[in-house]
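Both complexes below contain subunit A, partnered by subunit B and then by subunit C.
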Partner chain A sequence: MTSRIELRAAPHVSKGASVERIMFNVVVALLPICAFAVVQYGLSALALIVTTTLTCMASERLFNRLAGRPAALSDWSAAITGLLLALTLPPAFPLWMAAVAGFVAIALGKALFGGIGYNVFNPALVGRAFVQAAFPAAITTWVPAYYDGRFTAFIPTTLTAPLMTPPNLSEWVGRHAVDGFTGATPMARWKFENQIAEVGDFLSGMATASVGETSAPLILICGLFLAVRGFLDWRIPVAVLGSAMLLALVFHLADPGRYPPPVFVLLSGGLVLGAVFMATDMATSPVTPLGVWLYGALIGALTVVIRYFGGLTEGVMYAILIGNALAPLLDQLTPPRVFGQARGGLRDHFRRKPETRP
Partner chain B sequence: MTFLSFLRNNSFARGVHPDARKSTAGSPIRRMPFASRMTLPLAQHIGTPAVPLVRAGEEVVRGQPIARADGHLSVPIHAPADGVIEAIELKPSARGPWVESIVLRVYEASTQEIRWAEPRDLEALSPAELLRAIQDSGMVGLGGATFPSHAKLSVPESHPIHTLIVNGCECEPYLTCDHRLMLEYPADLMVGIRLAMRAIGASRAIIGVEDNKLDAAAAMRAQLPADGDITVRVVPTKYPQGAEKMLIKALLDVEVPPGKLPMHVGVVVNNVGTLTQLGQLLPAGQGLTERVVTVAGPGIGKPGDYWVPIGTPMRTVLGWAGVPDADAREIVLGGPMMGLAVASLDVPVTKGVSGILVFDPRPEESAAGRREYPCIKCGECVRVCPMGLNPSMLGMLAAHREYDRMGAEFHLGECFECGCCAYVCPSRIPLTQQFRAAKGILRRRAG
Partner chain C sequence: MIPGRQEPTRFEEFMEGIWKQNPVFVMVLGMCPALAVTVSAVNALAMGLATTFVLLGSTLLVSLMRKWVPREVRIATYIVIIATFVTVVDYLIAAISLALYEALGAFIQLIVVNCIILGRAEAHASRNPPGRALINATGMGIGFTIGLFALGSVREILGAGKLFGVALFGPEFQPWVIMVLPPGGFFVLGAWLLLFNWLKTRGAASGKPAEANVHA
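Moving on to the complex of A and B:
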């Protein structure tokens, strides 16, 4: 008789937050960025996005089954990895290589660590780092945005047969390029030719970039949508962008001839995309509020340092991966102050001392 | 007060804002009739169980002591109605195990009249005699803690008390019993506050009320004595504002250090419900025989606040409140954040039951729908824990059974099981439940 009563431990109410809800909202927030990428790069971008997303979801399913975990894709996290991965790849990237990236992202970036929540590194960036090393030529082949006929035909390299080297694109690019297209990213042009792109070039998508990197304002709006709804920790993008701009400003002021203005640093490469959608990956960022600030600031500063002094033109990806690796340590170093415990340390230094008597 | 003090949030850090759902706040407290049979567990308080003073077959009158306190940390139990003692036997309790209880068969002619009272001249009593009188009344913390009131008010001389804090926050969703008491019995509350101040030697009292109960604050302000010793302060509505340490922080901006009690910072906290009852019972020389209980939840016929005789079976209360199918529902004693789900409807209302909440069975949240994910390290729990703990880390350690590390490195002992972390967790990890279990294991290990 009494056995029908439900027995559950307190609390008996919940805020209603769920992993599915968070992840689904991130997917929704990524869709406008994907759509914009398709407008810019046409069929090839669409195929790229679909390919990585499907491979990621299929791999997730495969590994969940192998590991005996509930094979639910309903948490959308694999879809996010797929979408993000596509956005970091060059538009002309061959689809078979993109599929490899997607598989590696889930296999090495996620399943190896034990699946959702246990991964140390952002899976999308693991996939991207892998293909950066495996296919150095393809990952630096750029095409102009808004080229004619992008909605009716693929870029020739897109459909390269699996395991084949993609054809050389320079002739195709020559036919489709608008004036001033150089085939190098603004970051590379600055680094190797000391040319600084105009702000207008970035915002209009005229600067060469990966699929989803050329729409900083759109990315910020989508990020804001998530932050307002509580699905994204706003501190991370603020810290990343803030520290990157600040450091860039210091360099620029010290030697304006050599170092570009901060806005160039902000808009070039994947900084905004990385700050808003990749550094904020919950599983791979710290949980303590102070740890989060430090993590963001570290990523921003590392990005600038790698860009200015490293051999690479693109620093965000590695900066975030380093940040991911340090996240558990940051958590350990910045425990919240236990209620009633004596104040001290960096953070509490700025707070009022407690009164012992009212 | 510095000139910047208005910048300071007049509350504690973190916490959550659950839906209040206090729809029962608007209607007066009603009285529930006597059940035909009542069950009075001997242990309704924290401490040593009471010792029966009656035998099966004995007739008792309403208000008569039927069990006596056993030592200092114990209180007597009074008969809630006229009737005859049927048995003293093991009966199911809210927590599950069967406990020794006095079963009373109530006479149909039993009236509301209290027929056993020893009025005393309270003014003439010394603090020690006053504490004795409080113990005789059977009073315990009615907010749910059930710590004997006289023990709470007995402060060692090494810790002089400057302030009595009166907790009128009632921060748990659904519950409105304290709200109604503040509205309807502010004069009794003032009497109770005066008595408690005398017992602990405090020179002032501050009543803390959340800002969603401004009518209660106004009702109490109208009754404040002219000498200004008692004040009413409105604090922000936030859970768990009614936790002792949080309220002290909000009202006095003092933090009770880890492992210490309010008295270590010169404060004693008492709940408004407790002090209102104290103000009613002590001058009349009566014992605690009934309390106000909020009966609420979705789909109840007659939700509201009721004076319920202690010992009334849950099934009877729910029947009167219009819950015919109570067996199929989830029943929670207390508030939804910290309350206890009951295993059997045959358990009685005891001194610590502030609310009886009836929730619908939730098929959409059945096992599959409520899949628990691994911690995704969203950090929400860290951002809401009022004690400044890291529930994410504690949860991971609990999963690995590293209880010692939870206690030694991550301050598990400071967790007071408020439920904020589990409330926000998107992975639906039963964090609070894990911590409760871990604390139990550590306690047992310590012997």
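Moving on to the complex of A and C:
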């Protein structure tokens, strides 16, 4: 933490939470997900996680020094950005590209806005959005989970020399693929081949996906740990998943042949990871109770809309980034009613005649 | 000339466009070509030189005619003068390199509405004798070309692994697709602006008196 001076109005009741404590708890909650990823993808996943985390922490230190801020790595926030970033990347992603993503995440996503607490967008997703636009081929190259020899050798693309094109993986995948591996994510298979993956695949981590988004139950348990300790606003994941499920249900009921059942939408891709760990970033989500619900519902609905009607197969990243951009606006539109005061905010805003609106 | 203010020397007049009032990095003018055509160093240089040519020609004419142009129609007069030189440069580029002409596209014709040129005509050429106006315009043109080249070279190196079409990293290079897309232009421009501002504020913070105060 950069400053120990606390200026605030009464009542002086402290929850005992500090930036370090909250962030440390998030790191603890992310570790089981990272461990599961390493079990699934072996050395490559481990190297990916270590690379992004170290790059993020090094960039944080560099920019804090340039800006004359105390170089506080002890607040863990850069480490969280690194861990989250790694979890959203495909396992075969070359390490040098991961390092670019880590640097961009901190430089563009955080340092430019003034460091911790001032960022408008989730830094990890800024980093991922950059590499998605810069290296569209590498970020959609998938490998099977639990392949043989994952603890003794890297996936060939992992150690690509900096600035160079990763080698073609199809031959390697052919040798290592478990039966039924198609090299596409369940969402891509649904979108382009109209095949729906088994629910069991998602629960066991067999579904093809990014490093950390394969096991929805594990992510939910880790999120629950944070929510119970009060370090995570449970309303955001509930709103995100709820609105995504509702919208998916409406589409499914309207045309079951074309749109997948809601459970597929919930479990596939990064929706659960995004809802639990990314949409809930304290600096980039609204603070008012109604604003939080609207924010979550918006992200869930946007995810479904992008997945169903967009050019990309996955929509969670852009949905959360758009939600981040709207968060300050939602806060302004939904101030809670202060006891003894007249109503304000959204409801009142629309009840008034247009010419008297503030 | 503002009374009591010392006239800048020829050298200062020349350097104004390159450093103190750089069109791209300080005045942030002419952003349309600066973002749109700077996907390669050659495009950037060509655009910079074309703009410089139009800037020099129109500055000379505007400065020569400054005593006879009525105030009320001065902007229309400037536009006609600028459009004349843009037509010249348009045909010139088409004659020299058709490939380049196609790469730059409508942005050659759009030099007409480049605010650097109209801005120089209004703010400088119409108030100064031809010699002084030409010196200033040369500096501005070079400054604009440097700005475009700074953007174009970075975008070509990262976006294609080349500089002036020469491969720098071998055939295995992984192009950064985003750098040749519009967002890449904004990112690179932002990075250069950041660097420029950082250099300026660092100079001011280290106790060196700001240049503006020296001339005042």
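The criterion applied here is as follows: the second predicted complex is superposed on the first by the 327 of 358 C-alpha atoms of A that agree within 3 Å, B and C clash if a C-alpha of one lies under 4 Å from a C-alpha of the other, contacts with A are read in each partner's own complex, and residues count from 1 in each chain.
Note that a residue touches a chain if its C-beta (ideal position, glycine included) is under 8 Å from a C-beta of that chain, and two chains touch if they have at least 3 such contacts.
Since we're looking at a predicted model, the values are computed, not measured.
Legend: residue contacts after superposition of the two complexes on their common chain; A:F151 is shown touching neither subunit B nor subunit C. In the superposed three-chain model, the partner touching more residues of subunit A is B, compared with the other of subunit B and subunit C.
Touch criterion met: A:A133 reaches subunit C, while subunit B stays clear of it. In the superposition on chain A, A:T165 makes contact with subunit C only, while subunit B stays out of contact range.
No residue of subunit A lies at the contact with subunit B in one complex and also at the contact with subunit C in the other.
Touching subunit B in their complex are the following residues of subunit A: 1-2, 4-15, 17-19, 21-22, 70, 72, 75, 114-118, 233, 282-289, 292, 331, 335-342, 352, 354-358. Of all residues in subunit A, those touching subunit C in their complex are 97, 108, 112, 130, 133-136, 138, 160-161, 163-166.
Those residues of subunit C that touch subunit A in the complex are listed here as 161, 169-170, 172-174, 176-179, 181, 183, 187, 194.
Contacts from subunit B toward subunit A in the complex involve residues 8, 12-13, 16, 18-19, 162-163, 173, 245, 249, 252-258, 260, 265-266, 327-332, 336-346, 357, 359, 361-362, 371, 373-383, 385-390, 392-393, 411, 414, 417, 419, 422-428, 430, 432-433, 436.
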